[in-house]
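I'd like to ask some things about the structure below.
Labels A, B and C are assigned to the chains in the order they are written; within every chain, residues are numbered from 1.
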Amino acid sequence: MNDLPKQKETNLSFEKIKKDILHPMQNHKGLELWIVFLITVISVCGWAYYIQLKDGLGVTGMRDYVSWGLYIANFVFFVAVSLVGMLISSILGLLRIDWITPISRIAEIIAVAFVAVAGLVIVLDMGRPDRVLNVMIHGRFQSPILWDVTVITTYLTVSALLLILPMIPDLAICKKELTKASPIMKKLYNILSLGYINTPEQHKHLHKMIRTLMVLIVPIGLAIHTVTSWLFAATLRNGWDTTIFGPYFVAGAFVAGSAALIIAMYFFRVNYKLQDYITDLQFDKMGKLLVAVCLVYLYFNLNEFLVPGYKMKTGDDIHLKELFYGNWAIMFWASQLLGNIIPIILLVNKKFRKPLPIMIISLFVLAGAWFKRYVIVIPTMLHPHLPIQNVPENFVHYYPSAIEISVTVLSFALVLLIITVLSKIFPVVPIVETAESKGIEVKIDA
Amino acid sequence: MKNTIKNIAALFLIFIFSGSLANAQGWTVPNSAKKKQNPYEATSKNVSTGKKIYNLHCKSCHGDPTIANMLPLAPVAPTDLGAQNFLVQSDGEIYYKVNKGQGAMPTFEKTISDEDKWMVIAFLRSFDKNKKVKQQVAEVKNPEVTDVKLELNVNEANKTLLAKLSGVTKKGKRVGLQGIEMSFLVKRSFGYLDVSGEDPYTNEKGDVKVQFPADLPGDREGQVNMLVKVTDDDFYGKLEEARVVTLGVPTDPVNPLDERAMWGTRANAPIWIIVTFVGGVLAIWSVIFLVLFQMIKLPKLAKSKD
Amino acid sequence: MKEETSNNSRRKFLKSFGISVGAAGVVSSFSLIGAAKAAAKKPAEMVNLLTQDGQLVQVDKNQLRPTVNEPLDELQKRGREGIPGKSFVMVIDLSKCRNARKCMSACQNHHQLRADQHHINVLQMQDADHTAPYFMPKPCQHCDNPPCTKVCPVDATFKRQDGIVLIDNERCIGCRFCIAACPYSARIFQWTEPKDAEKYKDLTYNIEANVPQKKGTVSKCLFSADRLREDKLPSCVSACPNGVYYFGDRNEDAVTNGTSGETVRFSKLIEDNAGYTLMEELGTKPRVYYLPPKNRAFEFNGDLLNEENLH
């Protein structure tokens, strides 16, 4: 795009880059307060989980018919958001698209945080979390859950490696520069930097490894979301019994992940004062990317709802009518319109790709994505093949209980805490890569 | 005092009124139906047929006639169908009620044939103290016998069973007992399958021959447990013969677990899915470990510069 | 010494009754242990028990102790293997059902379930707008292509050689994937502490009856697999007053009616009455067959419009 604002930070020096990026990590008062707040939230909501553990899942709103509720919807959402790591740093990275350099680390941090907590959410949803090891001991190859657990673990590992490996040069800088850091942190920087001093051999070797992982994470990333979709598509239920669930979920994941990244970019830019690095260019490009993935997702939605809606097969009919103009219509259309269609219309306009407007739009997209998962999971459980009879009134509806909501808040707080802590101990914008991309000479002392 | 009498009178009226209401909700049998007569005679054959049908369709709720061991259903318990106050009704009334049913009583209009219903009524009439006299018209009479024996001959080639019922008369002669119903029963998991056929009554020689079904499964060798007995114990006491016969179709039970299947246990997983999973995990994780291993080289590469 | 004899005689007394079904709560098999100990206690609560021959007896609650017939390992092993050579099937005659719900309560008694927990559920059905409504008892279909066992991550639910789909509550992790996978909504989950958990906490877990029920795990109909081992018909089948249920072994081509005790050819029953399986288009291959509600024994007295009647 040649009509973009010319980059003004040409007079940046390596020293200035180092200072700009490392300074907020140690000198941000609000950050510590934020961490304390998150820990408080986690403790309070942890108590809610303790009650669930003690009294059983009956403290949630779930019952025999809606036996998967808020937790599973939230799990799918977390897995979806985590896919941004694979999209930004791997797919775009392998294509050597250079504007992702300053935001690729944020993408990886989001990926690690969300996928780690996604794994935890599954445990929170279990009736017998004490038996979680049974999955390892008695794991059945035929069950999508074994695949899901395997793929999530693998994705978490590779994402963590893709966070740390490209950071090794920066960690070498941290080791030197962050003199005020605690001894533990210094030790961590020392170990993780692996004696990196940016020799050509090291540089070449390191980037070979990174590229290997970038290639590796593409099938894993696709697998994680495809297998998650199979948790639903492997059943015979109305609304889940469809063949396009794999790509449908992957497309939806790109939407949710991109929106989450834009929001995180905005907050780091403002709070860490990184306007010189996470520039309007990145927001503009991300806006275009979001439009692209939203269009793909819209196309899948069209197939997912129009085709069965055209046929109105027995079973599907009740389900779809409830979504289109029944009890679920508001949530369904809100997630489609506010979370997808309207953002597309707005974001094709350049004005809305400025940092603040696009951040606000992304909030809608992300919330829409969350409610979309809710609409995918719960209505289907309420519309089984056989009528729901001879059960108490609360089996026929589903409203998440306060405890259930608290435990969900806990998972969100945990994600934010992981992101915050990672961004406090690691530089959120790659120092060395940024300098290299601007042709500034990089010097790392041993 | 007056008030008390009034109250009692009122209560009495209410009682009568509610009683008549209850009656109105009870059975109303049209007069035309009441006039129907049982077209079948109360021969001992018909009565014993009726007893069989009764045991299948009526006993589970009404219990055994005259014993009053019916199911304690609420609000109305089933009637004892052998009780005299039930049997004062006409054949037609009983027939009508069996046909129509009410409340917990099913309608047997289509589930039991007319003939069978009349047989049941004939059976119930056998408990009727007023009408018993009319019975037993021109029936075969067996002489009084002792030492009744049941012999069973099995022809495995033709799949036939021949039972012979005989007894010793007062004169010391062994004679065949005629017109006695026999049951040919095959043991199954939860009961006996009746293979007696249409007419399992002994002929004048005391014989009854039964064709074993051609397609009834037996065990691996075709063996089945056979029980042959005199249907009604009332005649000569309990008389039966149990035997293992090789008349069934040899059947090899299929074990559904022999096949590898998607729904099977882990041990029975399809090979391709095991290979895919294990192969995929090994491939991906060996690359991860390779990368980790390669990272150890990084510090060494720093030194090579010096 | 004297204590011991009294103990023995009491045990004999109860055994002769063969207590199997409790009226005040279900008791699978109890014997008297420590009757002398109990005698020393305060006057205890009496419980009503229904013996097999239909007698109601009152027994001191303190004298009831669960009998551990088999160790857990043995129960688990034989429960997973199933009964060799059998292939159990059920036939449900819809023309006979009048929604008496004896099957439901017998089942809940047997499997220690609450009134709102159904291993078998009698549904009011109407297939299309202008077709006749009918009652349909719906147990687990024990499919031969079971969608539930496919998705279980830990082999906690599985099919045995006799065709029964069972759940091992000692292994189930409570992920509820099987509930999501079952198109017949046949599975329930123990969301809270199961009914009378305190009372049954010493009972050895029996995989063939899912008792005692375990919190945080899935439960469902299992054709009363514990009763089948004793050649008894499933609880629901025996409890029906209207002859709805037939149960038997497909390998023997015979099913027995739980009400009349009549044994008939399975193939003939299905052929004569146009028997079908539920949602066969899903390819689950159920082991429960239905006979259509033709020539009904009872008029349909349900109320499809009034949901209140259903609760």
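Criterion: a residue touches a chain if its C-beta (ideal position, glycine included) is under 8 Å from a C-beta of that chain, and two chains touch if they have at least 3 such contacts.
Computed from a predicted model, the values in this text were never measured in an experiment.
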item: Chain-chain pair with the highest tally of contacting C-beta pairs; value: A-C
item: Chain centroid nearest the full-protein CA centroid; value: C
item: Chain B and chain C, separation of their C-alpha mean positions in angstrom; value: 20
item: Inter-chain centre distance, chain A versus chain B - centres from mean C-alpha coordinates, in Å; value: 63
item: Geometric centre distance via CA averages, chain C-chain A, whole Å; value: 45
item: Multi-partner residues of chain B (each touching 2 or more other chains); value: 262-266
item: Overlap residues in chain C, where contacts from two or more other chains coincide; value: 147, 150, 155
item: Residues of chain A touching at least two other chains; value: 138-140, 142, 146
item: Residues of chain C touching chain A in the complex; value: 104, 116-118, 121-125, 138, 147, 150-156, 171-177, 179-181, 183-185, 187-193, 215-218, 279, 282, 284, 310-311
item: Touching residues on chain C, where the partner in the complex is chain B; value: 84-87, 95-96, 98, 100, 144-147, 149-150, 155, 158-161, 163, 231-233, 241-243, 247-249, 251-256, 259-265, 295-299
item: Chain A residues touching chain C - in the complex, by the definition given at the top; value: 55-58, 60, 62-65, 67-68, 122, 125-128, 131-132, 134-135, 137-140, 142-146, 149, 231-232, 234-237, 381, 384-393, 395
item: Chain B contact footprint on chain A (complex, rising order); value: 138-142, 146-147, 150, 154, 157-158, 161, 165, 168, 194-197, 199, 201-202, 205-206, 209, 212-213, 216, 219-220, 446
item: Footprint of chain A on chain B - complex, ascending; value: 262-266, 269-270, 273-274, 277, 281, 284-285, 287-288, 290-292, 294-295, 297-299, 301-302, 304-305
